[in-house]
Structure formats: C-alpha cells, structure tokens
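The first chain written gets the first letter, and so on, giving A, B, C and D; residue counts start at 1 in each chain.
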Amino acid sequence: MKKKMVSLQEFSEKIPSGATLLIGGFLGDGTPDLLIDEILKTDKGDFTVIANDTAFPNQGIGKLITQKRVKKAIVSHIGTNPDTQKQMIEGSLVVELVPQGTLAERIRAGGFGLGGILTPTGLGTIVENGKSKIQIGGREYLIESAIKADFALLKAKKADWYGNLTFAYTARNFNTFMAFAGDCTIAEIDELVPIGGLNPEDVVVPHAVVHFLVRRSRS
Amino acid sequence: MKKKMVSLQEFSEKIPSGATLLIGGFLGDGTPDLLIDEILKTDKGDFTVIANDTAFPNQGIGKLITQKRVKKAIVSHIGTNPDTQKQMIEGSLVVELVPQGTLAERIRAGGFGLGGILTPTGLGTIVENGKSKIQIGGREYLIESAIKADFALLKAKKADWYGNLTFAYTARNFNTFMAFAGDCTIAEIDELVPIGGLNPEDVVVPHAVVHFLVRRSRS
Amino acid sequence: MIAEEKAKGYIARRVAKEFEDGDVVNLGIGIPTLVANYIPSGIQIFLHTENGLLGMGPNPSAGYEHPNLRNAGSSSVSFLPGSAIFDSAVSFGLIRGGHLDATVLGALEVDEKGLLANWMVPGKMIPGMGGAMDLVTGARRVIVAMTHVNKNGSPKIVKSCMLPLTSIRKVDLIVTEYAVFKVSETGLVLTEYSEESSVEEIKGLTAAHFEIDPQLKVIER
Amino acid sequence: MIAEEKAKGYIARRVAKEFEDGDVVNLGIGIPTLVANYIPSGIQIFLHTENGLLGMGPNPSAGYEHPNLRNAGSSSVSFLPGSAIFDSAVSFGLIRGGHLDATVLGALEVDEKGLLANWMVPGKMIPGMGGAMDLVTGARRVIVAMTHVNKNGSPKIVKSCMLPLTSIRKVDLIVTEYAVFKVSETGLVLTEYSEESSVEEIKGLTAAHFEIDPQLKVIER
C-alpha cells in the first residue's frame, strides 16, 4: 500500500501559489491550523480560498487573509474578520458571498459528480444576479453550479492508515463533503489509529477520497 | 413532550389507500417488514412506492407487489422480482425506472428543500427522454427533479424516545435521506434506548425529521 | 422609551411564548439568543445551530468548555441528552427542507409586506448572509426579534426595504419591545402593544402602514 | 470453444491483473464478482459495493452471516479491517464523483466505439439499470468482463448497440475468454488473444471492426 502519511514539509511542497483551496472549519472550529501554519512558512500566495468564513484576524483561515495570501475568497460570512472587509474595500481581495446552505450543497455537488443543484435560497435577492432560474413542480429555483478545487484541506480527529476519518463534534461542519471535492484531499489529524481501529459504522469520510494525512510531528 | 412511539395499529391507521410511500431498504436489507405486514392486514392499496427495488416475490417490499397493493413503483431495479415484471407487462403496475444514484439524490433533494439536481448519469440514454438538459462549465447535465412523498417508512436499529436513529451496517442505504423526504416519517426500530443513550456523534438521522416510532410489541 | 437592556429582555421573553412543546428552533445571534432563557416551564424546545448540532444546551461552566463544541457564534455550548451532531450539508437540509419549526432572527429592516433585510448595508457593512437566507427561506415560521427603532431612533419597520432583501419569503411575526405584529396576506397587523406605549406612539415609531387586530391586547410580561 | 465455467475463470483472472495497489473497485454481479478471487499477491484492492460499504470481504462461513451486512447482490459479506459504511447517496457520490478507480461490469452488447448496453432487452427483459448507469458514467476506468459470444453463439461485440445504452461514456477495456480489447479514440484495438484462439477466429466471433495492436500478445494465464 502506498503510504498516505506525509510530513508537514512534504505537504506544503504539494501546494503551489495560485491554487484553489477548500478549507474546512466554522469560525476556526474544524480548521487545519497546522497545514495553514506550514503554508505560511513559505512565500506562497494568490490562493482562492473556498470556506464557510474567514474566521478572525490572524486566526485559522484568517491567518491567510491577514498575511495577504488570498486573492479571492468564496465564503458565506466575513463579519467576524475586519481584515477581510478591509482588503475587500481596498480592492486587494475579491470576496464572493454565497448563502451558507448553498455553499455547502455546491461543494458537495462538486465532490459527488453533480453539475449543481436547484435551490429556492437567494431567489429575488441580489444572490440571483447573473444566474439562471428554473420552474419545477410550480416552484421557482435558482440553478447553482457545483464547486471543486485543486486541494481540500481538512481537520479530522482520528484517521487510520488508509485515511478513513472521524471528526470532533461541531468540527465536522464543511470538512465531510469538502473531502470529496478536492482533486487532492489532505487531512490534518489529531490521532492515528491502527487499520481496523475504527468501527466501520463510525467512519464519517471513507478513505477513497483522502489522498494524504498529516499529523503534528512528535519531536 | 408529545410521544412519538405508536402501536402498529396506530401506525396503520395513518396510512390511507393511494398514498405515496418512500420505503427504505436494498433487496430487503433495511426494509421495515413489520410496517409492511401491518399494512397488509388491512385492505389498503393503490400505493405509489418509491424505493431502490421491489426485493423478491412476497419478501420485503415484494409483499406489497405480490399482494397487488401497488399501482406505481419508482425504483432502480426490478430484476429480482418476477412478480413486478409480470404485473408491469400485464399493465396493472406502472414501473418508472430511475438510475440508483439519481434516485438517491432526487429523494435527498426533496427532503433537503432542493428542487432537484444536475447529473451526467443517463445523458444520451432513454433516461433523458422528456427531460431538460443544461450546460454548466462546458459539460452537459440532466435536470432531475426532487422527490417527496406522503410517508417515509424506515427500518432503523436503535432510536431514543425523541426519534434519533441509528442503522445496522448496510441497512443504512436509502433510509437516511428518505427520513427527510416524507411529510410523515415513521421508523420501525429494533431497540429503544433512553434519551441520552446515543452518543450525539453516532446519531445518523436526527429526530427533527422523525414523526413516529414503532417497535415489535412485546406480547 | 424603554432602556436597551430592558428592551432586549422584553423582546426575548415575548418571543419565547411562541413555541409549542417539542419545537425545533434556530436562534440567531443577538436578541434571538436570549430567547432560550425565557422558555416557559412545561415547554421543551430543541435548539438547532447551523454549524451542526441539534439539542444544544447552555454555555458550560468556565473550565468545562470543549474547543470543538460550539454554536454558530463561536461560543462554547453543551449537549443536552438526546443531541445529534451532523455536518453543514445536513444542517441546511434540516433548514431548507422545512424541518425547523421556527427561526428567530434579528433585522435591519422589515417592510410592510413582511419582507426582511438583515445581512448587509451596501458600502458600509457587508458581513455576508451566512445562514440567514436559508433560514428565512426554509424554516416553517420566521420570527423577527428586534428593537423597534435603530440606534439613531429611526424606525426599522419601513414601507419598503431599502436594504438588500434576505429572502422573498415573508416573515410570520415581528416582536419588538413595544409591539407584536403578525404578517397577514395583506400586510402587518398589530396584535399586541406594551403597557409602556400606546397605539399612537407605535404609529409614530413605525414607518409602515399596519392594521390593528380587533383582539388587540397588552403584551403579557 | 472454451467451456463456460473455464471461460469465466479465464476472464476473471485476466481482469484481476488490471489493478494497481490501493485501487478502489466496484465489481458487478456475475463474472465480475469472480475477479476478487484472482487478485495477484502484493496487490491490495478495496471493494466497494453500491449498497453502502467500502472494504468488503468474502462471504463469511456458514453460520456466521449477519442479516444486515450484504453486498449489492444480497449475499452475506464481511468487513475487512479498515472498512467504512455509508448510505446510498454517499455511495453514489463516490461513484459519480470519480472516486472509484475502476468498475468491472458484464455486458449484453459493446459496440465498436466502446459503448455499452447492459441493462435491458426491450419487450423481453427489463431488470432496470440499478447502479450501472452511474458506475459507467462515473468510475475512472470501466472494464467489461463478459463471454465473447452469447448463449446462442452470437457476437456480443457489435458494430453498433441495438439495445438501449447504459451511458454515452465509452468503456476502457473489454476482456473475454478469447481476447482483450482496449478502447481507443478511434475504436477497438485487440491487444491480447488467448492461446486457444487466433486473430482470425476472434474476427469471426466479433461483429465489429477492430484494429490490431502492434504489440499484440497472448493472454498470460
């Protein structure tokens, strides 16, 4: 078996400037901090980040914002990060706001091989600008396209060597379906368990979608 | 708290002839046999059944077919049930065949408040007859509409009094998302646990979508 | 004029009477969060938070927080017995699919048709819609909980929203410290007013037309 | 003429050489299921079954079956260490999303463009497509494993499918007891033939045009 466990440095060598990054987490909960810190040790930037939010200044995904590594953010909320708002107003950061449920489904659709979804959310608001609408069963829906990315960077609680993942409580959030939508999916894990050490019913993300694992080096 | 646990008889009184029924299971694995048997004690029929398959003659969902209670079946596969094929050829049963992954996503979409999904599956085949297509990101997709039903009849392993559900191994199949797509969702359970008796991370279907529970009467 | 802190309590207490036993409810940030403190005895509601939890309990005591058990405002919360954890896709499946009995949200503006604007002030404040658009579109009941006027004293209930809408789905109820309006087919109907105010005063604080319910009564506190 | 049972073994054995270590593979019913018995040593594959399991192991010994641990053909199976359970939506997310390295399927017909028909014979046999349309549309590699001719001795590799197609996505490889064809941009290419046959015999058993690979060789058994 090809080993999925890589070092932090091997991880960061995989990520080029300009890459599109799906990053798990909700206001920092469930965000892969080690991976973000490792990227910040390099001078890489110009990333397009797709995530629920940009957390707080210099915290979680906010670190990538504060240190100006992001050229575009596709998120549902930026209210907790004044740095994001400031860079957006200055024009150095493009922010695309997507309703949270729509963002979740668009990413899931990308990972599940669907072209998109039909949702009532955003109809009649500025969210519908530039989008097609469709009538089905007497109701109107927005056609929202699927999202995929070069990388999905996840934070998981446990993994076995194959890459089966579990998550800690509300840290599940966007991590589960983002796992499917990265051309290369990399999970930062808290704990490695032996193969067979997870009950098959407890596996939240099956290993087929996880390409690499990273854990804090024990030095 | 309103009690969700009802008797088999109280359950069957809720189901009128002509109802649309989502029924969980994959070739009988994960199908609520007790609920089906209870319906068969009445003379109700003319059901539209939406399920993965019609199982085997006089087994699982196949009982409803063999006893001619179904006027229409929306399923992905009928190859294991000659009764279904016979009734279809005779013209007493309408069968609508849907690719399995498309059927799963259409039901999930119904339960999740989406109007439908965009899928490449079925493009250029007879599945696309009568359906609209759309181009997104240079690829073509079929527009497949969401499915909801009057009732979702599930088979679960454990439930607490609130209706949080877990499932046994491969009996998960269609049960999880069908739970969301029934106007009234009823789960047959093997085991009742106290409130707090399930680890919140182990709950597969949250109680908010489960209206009634039924268990084998201990007589 | 009711002082702000007192106003918040009044609003939350009144909203808390809207639920039936067993309701699944999502409470927004701000005044809506306070609603949980006023649920009448005998009524049990299940709190949903969009980051993936149903059955949310109060903030744990200091020192007993878990870093990965949070609400949508990033505060530490707890599990009540019978809780369920899920990802954001399932969480919004519950919301969009009509599986929430109610959501309580703040507002920047509500207009006389019952339309809500609560997620941005163009050129000034653009926090993003987060989960608000899905909540207003999908919850079975949408309750607005807000102070009657904004910090400058201007009415937040207006003829027509000037700010970008959150949804074209109308809200069901508006609760302020002075008044309760239900949203009918034809527009706003004042059903209750506070003992500190009068219908005339409420008209003065409201920039929208409203009908008066024949059963108009004083808000119970 | 290779006897049917022997033919099935030959086909399964040849298909089993197609995998790389670590591949995630879905095996259809019939000959494809036999492939699992011939995986070369040193190669580990993960079996996916569309009813919701990755890591499927062999049928348990009699008396050790569990009623709720089955494959898509309703047979009892087992967990290998490192297995994962999921629902049908996730299972087809894996399939449609391109997360399966390969699927091996039977066929009623494959045509000279590489298009597959394997789910119905109008007016005669309509089992339904089950998961086949998603598998052919979504798996990274689609391998057809079938006897070269049908029970009447008629070719199953035809100029153009007369039966309803399973997908407009072409298959990648066709393995029969007599031949291995890869599907190129321009059509079928014979890459291997069995020691019991010859190119001439294969031409006779095949109702489609095919090219012959310059590196044509005998199937290793």
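Some points to look at:
Everything below uses one rule, namely that a residue touches a chain if its C-beta (ideal position, glycine included) is under 8 Å from a C-beta of that chain, and two chains touch if they have at least 3 such contacts.
All of these numbers come straight from a predicted model, not from anything done at the bench.
By number of C-beta pairs in contact, B-D leads when A-D and B-D are compared. A separation of 35 Å divides the Cα centre of subunit A from that of subunit D. We define each chain's centre as the mean of its Cα atoms; on that basis subunit A and subunit B are separated by 32 Å.
A straight line joining the Cα centres of subunit A and subunit C is 29 Å long. In subunit A, 105, 108, 112-114, 119-120, 169, 200-201 are the positions where the chain touches two or more neighbouring chains simultaneously. Each of residues 53, 85-86, 89, 92, 95-96, 137-138 in subunit D touches at least two other chains.
Contact topology of the protein chains: irregular, matching none of line, ring, star or complete. Across the assembly, chains come into contact as A-B, A-C, A-D, B-C, B-D. Within the complex, the subunit B residues that touch subunit D are 26-30, 52-53, 75-80, 85, 88, 95, 97, 99-102, 104-105, 108, 119-127, 168-177, 204. Across the interface of their complex, subunit B is touched by residues 49-53, 66-70, 72-74, 85-89, 91-92, 95-96, 126-134, 137-138, 164-168 of subunit D. Listing the residues of subunit B that touch subunit A in their complex gives 105, 109, 112-120, 132, 134, 136-137, 139, 141, 143, 145-146, 166, 169, 200-202. Subunit A contributes residues 1-2, 108, 111-114, 160-162, 164, 180, 195-196, 198, 200-201, 203, 206-209 to its touches with subunit D in the complex. Remark: subunit C residues 21-22, 24, 44, 46, 48, 53-55, 79, 81-86, 89-90, 92-100, 137-138 touch subunit B in the complex.
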